[in-house]
């Protein structure tokens, strides 16, 4: 069974930013290992992850919030409009075996919450830091580099990707 | 932009039945034309359509009602668990440019209704006959054969698939 | 447990039309029996059903397709924006014990299909006539009047509403 | 237009715990002001908030993850099964004008993220502490007591509840 890994992060980071570079490297590494990359299909971290995966010949799935397939970034190979708005975040989480969060805004935060709630492992690179009552939460497995994120995500997916 | 066409029908038709044969031929014809085949990912008509598309080297997307990727039939190339139950029917409809209904039960009926409601063309092979006040409804474009369904679906999709 | 009954139909029927009159009578009758009326929250049949229920002091729930509570008709007592577009039809069906279809367009057809697929009884007044292979489908329990629809819906709900 | 306010938090806190007491006081205060209380309909914080609101004669809406109305806690006045699983969290957020988070687990975190993403104000009592790059995020408006949460939520809702 092919491993499916989500890459999530802000839609408005610029090309060449550290977040975009990390996302692109994550996408490339996952695709080189044979994993399908699933994301929200739009720009920023999503586009960078798809660009990296596409460069490695990988399959990229974009679960779009709107109703137009043309909203997808050009590196999405399977672009699926959902018309659900931000509720599509739940679909990204359900569709994957492991979630990799690269930086990220509030939408990413919702995906992290849904993943941890439903038992999908989350690997984070420079993403949200969570605490309750002053105690750090250890739900997100934090790594330092894109390469570490790829390795750890593949291990957690436990597949033969 | 790649054309995406949905193939919907009952999940419990048997291999070798006329419905399964038609669905397999539809899937094959669509894939030969380069269209991505989108379906609910399970058995019966869905499996037959995917089998046909896979035989032609096509891409098949399965939007699964449950939360397990392993629910997908073996010819689904991109299997996406949604966890939405029958509400995932709306996603199949939104993800496609044209819907082809082959036979079908009540779930198929819901997909036909959603597609016609949102302006997605529906091509039907041996599917539901609809009327209001004794007047047949002409929303479904009815064709006689799988080959006709493929031709008409591609025309309606208006793409370069 | 309070009985919840859905009333579905076209959003564009005019006040004073036979469909609107029937929907209003259905809403009133259900509310008089203590049932909660659930609908899509907009105009036409939905507004008529809510107006009837409100006149009898009943509770009316509107599951709106958009994101603005102000889209609800004025007789909705609990207006819930969903932002799901037509996918909210699945929520109307899931939220109810029995579905009453009054006339109706393609959206109504999708709700009938989803209800029959998931085992929710459907009572129809002047609604879709369904057939397969020339054989009428008997899934919808057809009744002649609004009064019959109310009686039969309450029986099927089997509650103490 | 009646104000609708969400109260979210963990489903497994015990009656008599500080979180349950706070949620009950929030629900009561909101209902006394005429606001409709919307929640996920289950136990813990959800049940406590509904219990408080019901004691003040308020309306409580429970958007349930499963398909059975009987899953609702006994203080839900409008219990709506969605069958969407955790994806129903998006519906809780969309249905409300302001979200109050009382403590909370990962599901609550997802609701906070969705609310902040879509511009719905979030008032927090003893809930998640968020940071990025060591910098605290100020999206959640943190208050010290249930009474403060009620006052601030009503102000943010800006209605005449």
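Per-chain numbering from 1; labels A, B, C and D assigned in written order.
Basically, contacts are C-beta pairs under 8 Å (C-beta built on N, C-alpha and C of every residue); 3 or more make two chains touch, one makes a residue touch a chain.
Remember, it's a predicted structure, so these values are computed and weren't measured experimentally.
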Contacts common to chain B and chain D (chain labels): A, C
More C-beta contacts across B-C or across C-D? B-C
So, comparing C-alpha centroids, which chain is the farthest one from chain C? A
Compute the distance, rounded to whole Å, between the mean C-alpha positions of chain C and chain D. 29
Rounded to the nearest whole Å, what is the centre-to-centre distance of chain A and chain C, using the mean of the C-alpha atoms as each centre? 40
Of all the residues in chain D, which ones touch at least 2 other chains? 67, 83-87, 90-91, 94
Name the shape of the chain contact graph, picking from line, ring, star, complete and other. complete
For the complex, which residues does chain A have touching chain C? 67, 83-87
Show me the residue ranges of chain D that touch chain A in the complex, using the header's touch definition. 84-87, 89-91, 94, 103, 105-114, 116-118, 126-134, 137, 139
For the complex, give me every residue of chain A touching chain B. 1, 4, 36, 38, 59, 61, 63, 67, 69-70, 77-78, 80-84, 90-91, 94-95, 97
